[in-house]
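Take a look at the structures listed below.
Shared chain: subunit A. Partners: subunit B in the first complex, subunit C in the second.
The block that comes next holds the complex of A and B.
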């Protein structure tokens, strides 16, 4: 009897867990399904631009209507997000190492400064960068606002704290005895870093890079001030297009982004393994 | 002898070459004009109809896309050094532009199309570019099915069958200030007293305060709303593009005024090195040809009154937009020089957003 009750309890538990997971998935995926479905609804005789879900008819018509400017903006956003995440790693990893391992005076203050971009509203960051670039331009004659360099600097600023955060989280749990063992066995500090430390903190670097990529790719408030003719990012292009248009071609363009992002995630899974990103909380066998 | 013939030939060739170059040279050779305007369809229309003409004159146009609010913020952040030569300005921003002293005085002889504008729509600093007519857009079939009387005033939107089925512009949206002004004046308020308008909005039981006019199309399609306070262009597009059987009502404001108009302007920036080209651009924008195309496509009202007759030939436009200049002149226009926008926003936030 006890055994039956136990199995029944387990089955009920499993059922509710499954239900909970299903609701979570539906909640997370339904907006995407609606966007994709709407983009496939073709125009009819009476209705030129309908937002109908589920679609009345299947058509790729709106995919042929995506403005060229959106495709250019999409490419720019990918390049920019890649640059921001790479530079974020180049700055963020040494910064995290310094924060965790050094004993410099004012460490807490430095740590707060590295976190500051997360606490400042992005729109303020955008205005601040614009003013800074004008000021630099007035002094040097080189105006960075509206250039790819200016945009990249703004995005590196907002993306780097994510790398610092994830790498710091791993480093705080890092067992320094591993490095000491490597040094005792004859490895130089440099070699110990590249062969021991870096592989252990890599999940944090990957996770930080991915966050940095996402933050840069989806940013509107900073890019709105730093973009210029020829350098308009995808979210900004969509943001302004929405003010005057409301055509299903926007859904088609959003669907393309969803597909590209899914392909990128598959690539990340293939090359790095998404489970590596989940180890940010601390890698096994360390600490 | 041979040498002199050769020299003469060379001379003729050089003369021909120079004269052909001079003929090919355009009015704006080497000029890159920066235009601050909205993105999307709005910009595409300009690319299609104005940019090609400018390029034929040897120049190049680059667009700094963004809402007028975003573009103004760029000017403020850049301490007056505008990142464009010519910019679209909303009526509510005119005071701010003057206070910041960033506008270049216009030479109206370079903008001859102003002769087709009403005198109130141009001056030495600004030229009107478009107007919108803020209306009540309602679903004819649904109103008839449910026996809801066709509204003639904003107050008519306070109806039990409309509760939770109407949309109103959010104060921060493009139609926000004009929408609030409309209900305020209709309820006996004015630029300095918006409380009556806020009270009416509260009474309306609004489903959603829209941020972008395009939401109207989607909400009518989904059946979530059956009426919306929005400019006539969005109502027109809801019918034309989304196939919804909607139409407009120009709400009665008081005994004299019927309907609400909102104005858009063009200004040239003080720091512009291409002021002449900027004024050429404005002249093209207000030309009959461009204004007509813009109006038919977007449902906005042209400032160039010479195209009203041609517009009336489009049955949908004729149905939804007031084209009689006398009636247009009889619409409510807010005097934004008396409006303290942060105060309006603050009161809205306290009364409505909460």
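The block that comes next holds the complex of A and C.
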């Protein structure tokens, strides 16, 4: 009898665990389902009527109505996120190496400075950069706000800490004997870094790069200050569109972005493997 | 190719901690020498100084006739086997073994042949395309050895390479490493805290303690003629008793132990220190029935405390009134004695060693 109750307990446990997981997933995914569903509405007399979910009729009509400005903004956002992610790695990897390996005095302070962008509200960062660019502009005559340079600087600032976080996490578990093995067997310290250290910590770099990309790609508060008319990132463009001309085409363009992001993630999974990224423990970068 | 190594008055400090007091050691060409000692004795520091991972504060390190004290590790042409293998996880076995060859610009065709040759040397052919994570501990260690000797190094360093393996595999690998070392005739410095391992493999053993070399010699020398109670105790098993020197003549000393027992013991090495002890290996001891022994030079009465059977040996512990019970090794086919049986522990004067203690 005891055996049966034990098995029953296990079955009940499994059921509730499954239920809990299902509810979590539904909670996380339902907004996307609504966006995708709404985007498939057909054209109606009254624009408001096109926002029904589930959709009354299925059509790709709204996909043909996506304004060109949004496509341009999407391209800009991609370029910007790529630049922010690459530069984030170029800055973040050496920074993490320095933080983990060196014994410089004030290491805690330096590490806090590198984490600072995560603790400053992004809107403050945005204003700060705008002020900075005005000041530089007044000095030199070159105003960086509303240019790719200005946007990129802002996004590199907010994205780099994520790279520092993931790379620091993986470096702390890196066995320095691997470097010694490389050096004793003939590699110069520089060669040892590029042939051994970097490849081994690469999952951490990829994870950081991915976070950096996503942070830049979804940023509104910084970009809203550094954009100019005709030179706007995708999230800012959507933000304005929601205020001014709210149309189901917005849902269509959002759906396109969801699809593109999923494809990109699939590509990352194929090439690098997302498990490798998860193992790195990106939470360090976020927290 | 293989060369001798010499340490001349080498010292090393880490902050306020003295890792090595003055160390001098000559390692012959083709010799297998083991640095043996408890953790913190400086054996790994010595190895890392030879490798060049740390710089000595004072002294010289010579490789052949060349002073390598200030040469960076990558220019020393040394091979090294690490405790946890330190194979490059992102490279295949072939790329791992080829690493030292590639870093020294060996032509590609030569590398391929050499890798095959090395895998045969370590008796693990056909694993070229696997990754280190796919190997067992013993296999990984073989690959680690293959990598270390790939670009024929002038000296091979091994830092507790067998520590992570289980006993059976460790014993098998001891023979393997010795075979490979003999085949290549390569100067080898091996670090371990396991005295059996040291005795099984080495031409000579350097016993280290507190940043100093306590004694250097062959396994036989060190076991039979230890120069201090530390060496005697660390290498093999021994019963030690504090002793007071009464008289000495003709290589035999008269001593007093346990306050009132007079015994005789051999003076193997000149003893300088004031405090002495006498050491008797457990296999040199015999157990006799109380009041019936007269075949031995020395005997002291005691009571059996316990006995353990380990297959090839029967260990009997006898309380003779010292701090620790005496250990007597007997043949396993002997009938174990009852606890509390009164016995005589007996030995001959030439089997007891007079040792200095600190």
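Quick notes
By definition in this document, the second predicted complex is superposed on the first by the 267 of 287 C-alpha atoms of A that agree within 3 Å, B and C clash if a C-alpha of one lies under 4 Å from a C-alpha of the other, contacts with A are read in each partner's own complex, and residues count from 1 in each chain.
As a working rule, contacts are C-beta pairs under 8 Å (C-beta built on N, C-alpha and C of every residue); 3 or more make two chains touch, one makes a residue touch a chain.
All figures in this text were calculated on a predicted structure; none of them were measured in a lab.
Applying the stated contact rule after C-alpha superposition, one finds that A:177 touches subunit C and leaves subunit B untouched. Of the two partner chains placed by superposition, only subunit C is touched by A:186; subunit B is not. Judged by the touch definition given at the top, the superposed model places A:224 against subunit B, while subunit C stays out of reach. Once the two complexes are overlaid on the shared chain, A:240 sits against subunit B while remaining clear of subunit C. Look at A:62: by the touch rule set out above, it reaches neither subunit B nor subunit C.
In the superposition on chain A, A:144 contacts neither subunit B nor subunit C. Which of subunit B and subunit C touches more residues of subunit A is settled by the count: it is B. Of all the residues in subunit C, the ones that touch subunit A in their complex are 51-53, 72-74, 76-80, 82, 84, 86-90, 99-100, 103-104, 147-148, 150-151, 157. Contact residues of subunit A toward subunit B in the complex are 44, 46-52, 67, 127, 130-131, 134, 145-146, 224-225, 228-230, 232, 236-237, 240-247. On subunit B, the positions that touch subunit A within their shared complex are 34, 38-42, 44, 62-67, 70, 73-74, 77-79, 81, 83, 174, 212-215, 217-218, 221-222, 237, 240-243, 298. Considering their complex, residues 175, 177-178, 180-189, 191, 195-196, 199-200, 202 of subunit A touch subunit C.
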